[in-house]
Amino acid sequence: MSFSVAVSGATGYAGGEVLRLLAGHPEARIGAVTAHSSAGTRLGVLAPHLHGLADRIVEETTVENLSGHDVVVLALPHGASGPVAAQLPAETLVIDAGADHRLTDPAAWERFYGTEHAGSWPYGLPELPGAREQLRGARRIAVPGCYPTSALLALVPGFAPGPGSDGGLLEPDDVVIVAASGTSGAGKSVKPHLLGAEVMGSMSPYGVGGGHRHTPEIEQGLSRAAGTAVQVSFTPTLAPMPRGILATATARLAAGVDADAIRDAWDAYYTDEPFVHLLPEGQWPTTGSVLGSNHAVLQLAVDEHAGRVVVCCAIDNLTKGTAGGAIQSMNLALGLPETMGLDLQGVAP
Amino acid sequence: MSFSVAVSGATGYAGGEVLRLLAGHPEARIGAVTAHSSAGTRLGVLAPHLHGLADRIVEETTVENLSGHDVVVLALPHGASGPVAAQLPAETLVIDAGADHRLTDPAAWERFYGTEHAGSWPYGLPELPGAREQLRGARRIAVPGCYPTSALLALVPGFAPGPGSDGGLLEPDDVVIVAASGTSGAGKSVKPHLLGAEVMGSMSPYGVGGGHRHTPEIEQGLSRAAGTAVQVSFTPTLAPMPRGILATATARLAAGVDADAIRDAWDAYYTDEPFVHLLPEGQWPTTGSVLGSNHAVLQLAVDEHAGRVVVCCAIDNLTKGTAGGAIQSMNLALGLPETMGLDLQGVAP
Amino acid sequence: MSFSVAVSGATGYAGGEVLRLLAGHPEARIGAVTAHSSAGTRLGVLAPHLHGLADRIVEETTVENLSGHDVVVLALPHGASGPVAAQLPAETLVIDAGADHRLTDPAAWERFYGTEHAGSWPYGLPELPGAREQLRGARRIAVPGCYPTSALLALVPGFAPGPGSDGGLLEPDDVVIVAASGTSGAGKSVKPHLLGAEVMGSMSPYGVGGGHRHTPEIEQGLSRAAGTAVQVSFTPTLAPMPRGILATATARLAAGVDADAIRDAWDAYYTDEPFVHLLPEGQWPTTGSVLGSNHAVLQLAVDEHAGRVVVCCAIDNLTKGTAGGAIQSMNLALGLPETMGLDLQGVAP
Amino acid sequence: MSFSVAVSGATGYAGGEVLRLLAGHPEARIGAVTAHSSAGTRLGVLAPHLHGLADRIVEETTVENLSGHDVVVLALPHGASGPVAAQLPAETLVIDAGADHRLTDPAAWERFYGTEHAGSWPYGLPELPGAREQLRGARRIAVPGCYPTSALLALVPGFAPGPGSDGGLLEPDDVVIVAASGTSGAGKSVKPHLLGAEVMGSMSPYGVGGGHRHTPEIEQGLSRAAGTAVQVSFTPTLAPMPRGILATATARLAAGVDADAIRDAWDAYYTDEPFVHLLPEGQWPTTGSVLGSNHAVLQLAVDEHAGRVVVCCAIDNLTKGTAGGAIQSMNLALGLPETMGLDLQGVAP
């Protein structure tokens, strides 16, 4: 079942990663590759790592250029994908790698993004409860943010009912997440604090105090899984590496829950997942081990003294955190094997 | 007031940083420079950045070689400094840059280090309540761990009475700290996971679930400041940079405490400190800005939604976090101006 | 045409990369995975990026364990593969990713490696003149060193007759090559100067003055291409990155050769090569753009003032420089399409 | 002898480093700190590593603001310092950290910079033959470029008569230099290829083929030392580190010159230099060992096979390569001890 895909925002980091993965997808034919300011340029100049697509000419991002494909991936700044998507046919599978269609609550959208809400689409994190069912056959998919992907994978087995638990292993009102991201997460726009000389050898936080736009998305995902409001303190930090997210998530254990119950629940939740792995005890996740792959690796420990579980989750922010998650969801929507084109090992060291 | 200093463990990262700072201290005369396996070698071979000391020959770490100095700095593996210190004269200022004399509770020592407790010395973090008084004229000083330095500086104004508060601004039973450290924090011993190829481009946690030896030290410092037991969930992570710690610390606000009270308390607590700076609102700490300096930079934000304050503190783990803190405390012990020899800017970018 | 492959030295960086590529090769079945000190351990512990092979148990490197496969890849320290290879059947395709069978001149081998010469096998750099013919159907292949791969690709069009030249565009007696390599090139053995804290933020040369073992290999390749002795000054340097080689190679133009002739020759030489690309004028190679891929990117400029051409070539030392080159040669030996399993884009940023 | 200094271009990397060093200079009083677009801002926001100067307000770069100081340092883009300098009094010591006054040949200036030549000032590399004499009492100083500093220090003992040689140890017509620089060398202007995500893990060349503006400066310095025209092939590369230059320089030995003569000449040339060190045989320079210091470390090896000497020189591009060299020359001009304020060890690891 061969299908055609158009990718807009193709010269950004997310769009480039979508193209990298599509180039290795056995059934995908890459159609229009579009962007804005760089239209007319060879892709080889803008994304020299995409050797197989070097001679493609970037086209302008217009509805005309995107039309006529089976799948359209929108890797655009937030606020930009809503209007484009609205003009694409209902039967086209539209995958929004940006933020526009992630939040279900218009008020949350407006508070954090300051524009009108474009609406809510099926959420492309198949590992969430019920998500696979929603994604199968979907024609609109909202790709999760990179931080939410790591945070939700870290914590959802503690809140959602699953094969090993009835849910409710964690207190919903005291979740703390601190995550470190590689600088590609900040995109390709040139800002002084993202210069190599500033970034190398330095770590820094940002969006502290609940201000980061991924906070409501994390809360939305955990709350939906828990069936009750989950409250999160989320702090993102910028780490001196190009890619990768390491999320450290911690929550209080609910009364009567012990370390064995926790490990059993996570173990059971992910045992059949192709891309999410609870590591053997004693082995800790590294972002290096998932570089370029769609895998997420987790480890957890119960701190009995503090009454908390600490779960660490490592992903590649551009792969599982963006483009890989998009392809995984696309496969589900198209009725293809979920792992098609994603059978990639990490690139290490 | 010129004085002589011997430095043991001089070829490790902590010892090397002590020497770097002593070489710029106007009153210090560097005497014996000792180590173990490398005795007999030129320091220029082992620590080629110490250009001014390149021709020094490393001596064996023995009580004989260390004796006869006004000050002895012990930068030895934990367990090693206790026995050496016990043989040095009471009038010699002995500064232990290792862990042996940090913890006051023998049971905590034994639980985390597994050996007999060597005893407890005045704690070399002058910014803690009452610490300066203890350090003035002291002849034994325990240099704090690097993580505890960053964590205590981040949080102590919320627990200790200070110029801007009666203390008790934060709940003591729900502190969460996640910290990222440069790899020099793991020392110079060669372990596979510390290889450059493994470390670059990768972040990873370790000692999760309360197992890190700095956890009881952080709790000790906060509890002493608070006058009540403070319970901490602490997760250290390894970041792809040679130096620096970024600690993200969060705790619940006590009832009735608001954002203004928090900022006022931190502001007042550090306003006269020469090395600790609450940055102007909107400016976030970077480890890059303190590289090679004895400064700590902080920022905080109250997350009203989560009911928590988040405080981020950046230090250089080898400077303020080890050797700089040692020199600062040494100055106090010797009756010198506290900042002598520490008037160093950060080396950035 | 499915075939089985055993990989020895599987826990090193070269062996791990061979496994990563084989895992994505449509016809390869990975058989025995062997190593020495870590035999009996799950591969997931030793090479956690190989998610698809995590449950494999590493076996001891013995002739018994390696036997019975169609292909055996030896990723062993130099000196170790010769004896193993000698015991494998003649009909098995044996690919030596180490140095033992690269040099044709026993005297050069003994001078640089200090042991007895194991012999010389077909050289696995298909882009060299005549190499493809030698590799087709071969049952023994010597994988080139990583530096020689980059250096030979940079310069061979100036020495070898090719579609755009009769060869002899460059003077053979004055070649200078300076190359920077990521630290995985030094392997996984733990040495103090390879620690992350030492490596990050620092560059250093080594093996200067002609002492590096890759010097005779580079000269062998260029001399064979030129049909006359080519003399090389080669200086390797260690760069703060996990992977990648950037080789800067320069030679004097032969009399009467101008910039156009040079560009035409390189252009013609590589125009049909699937993995080697002379970039459009004005675009310079970056090691980042080939990370994890089997591609080499080149650019050149003629410096008329100095009478030299400067050619820069970027490869991934572990992929095109080792494991990718091995797979490419294996494909030729097995009669498969040369690019099978190597259709990988670079992983960037 | 206290003196006042104004620093223009203070928010760039070069200007920031000048301020860092002046803050530690025992006789310097920092006066006006000026810049262009950021005038009116606290320095603590723009250069947060300069803790001791955080409250300074950046002023506009005007002749009025710079006047009335004993010393004015111009750290401005090329083309900008000429006009400013022309309006400053002749008795003011003006130090141009930019390029405007480095080249003596107006034609070379115009060819490489494309503007009118501002003139030539005493060249601030005291280690060159005759340079100290020119700098003593000078009131105008041109600070060398960072690459030329490393290249000239590497090679000048082979061309200049010195205590150990009559000069002429190297052939002047075949010098090849390949240098790797940290990205701060490219300045603080935001360009896509300097983004952290692009730079980390990647090396790339630029200005290949003789096009880099530092080429004529290197040739000028070597030619002056040699008393004959020296011809250089120079290739700069960008390395994934914030600071540091590693220059690898190679030239043919003149007839009859052997390895001993070379080592003796370099040894003798630098034996009394406070900041330049030929390392003991077998020890190779690392940029990490000079970070933040004014030192240069060298090693060399004669490659008898290739008939060349290879000299590697490591400096910090912002310190010895720019600001440290400026302060060293300033000290000479003001009649102060040459090393005053520069007694800094490297910051390692």
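Order of writing sets the labels: A, B, C and D. Residues in every chain begin at 1.
Assume contacts are C-beta pairs under 8 Å (C-beta built on N, C-alpha and C of every residue); 3 or more make two chains touch, one makes a residue touch a chain.
Just so it is clear, the model here is predicted, and its values are computed rather than measured.
Undergrad: Strictly by the touch rule at the top, which chains does chain A share as contacts with chain D?
TA: Both chain A and chain D are touched by B, C, going by the contact rule given at the top.
Undergrad: Under the document's definition of touching, what chains do chain A and chain B have as common neighbours?
TA: Output, common partners of chain A and chain B: C, D.
Undergrad: Which pair, C-D or B-C, has more C-beta contacts?
TA: Pair with the higher count of C-beta contacts: C-D.
Undergrad: Of the other chains, whose C-alpha centre is the longest way from the centre of chain A?
TA: Following the centroid criterion, the farthest chain would be D.
Undergrad: How far is the middle of chain C from the middle of chain D, if each middle is the mean of its Cα atoms, in Å?
TA: Taking the mean C-alpha position of each chain, the two centres sit 37 Å apart.
Undergrad: Counting in whole Å, what is the centre-to-centre distance of chain B and chain C, each centre being its mean C-alpha position?
TA: Spacing between the chain centres: roughly 45 Å.
Undergrad: Of all the residues in chain D, which ones touch at least 2 other chains?
TA: Answer for chain D, listing residues that touch two or more other chains: 13, 182, 184, 195, 197-198, 200-201, 240-243, 286, 288-289, 291, 348-349.
Undergrad: In their complex, what parts of chain A are in touch with chain B?
TA: For this pair, the touching residues of chain A are 174, 176, 178, 180, 182, 195, 197-198, 200-206, 208-211, 231-233, 235, 237, 239-244, 246, 248, 250, 252, 284-289, 291, 299-306, 308, 310, 312, 314, 348-349.
Undergrad: Under the touch definition given earlier, write down the residues of chain D that touch chain B in their complex.
TA: 13, 16, 19-20, 23-24, 42, 44-45, 47-54, 184, 200-201, 242-243, 277, 279-280, 283, 286, 288-293, 295, 297, 343-349
Undergrad: For the complex, which residues does chain A have touching chain D?
TA: 13, 182-184, 186, 188, 190-192, 194-201, 240-243
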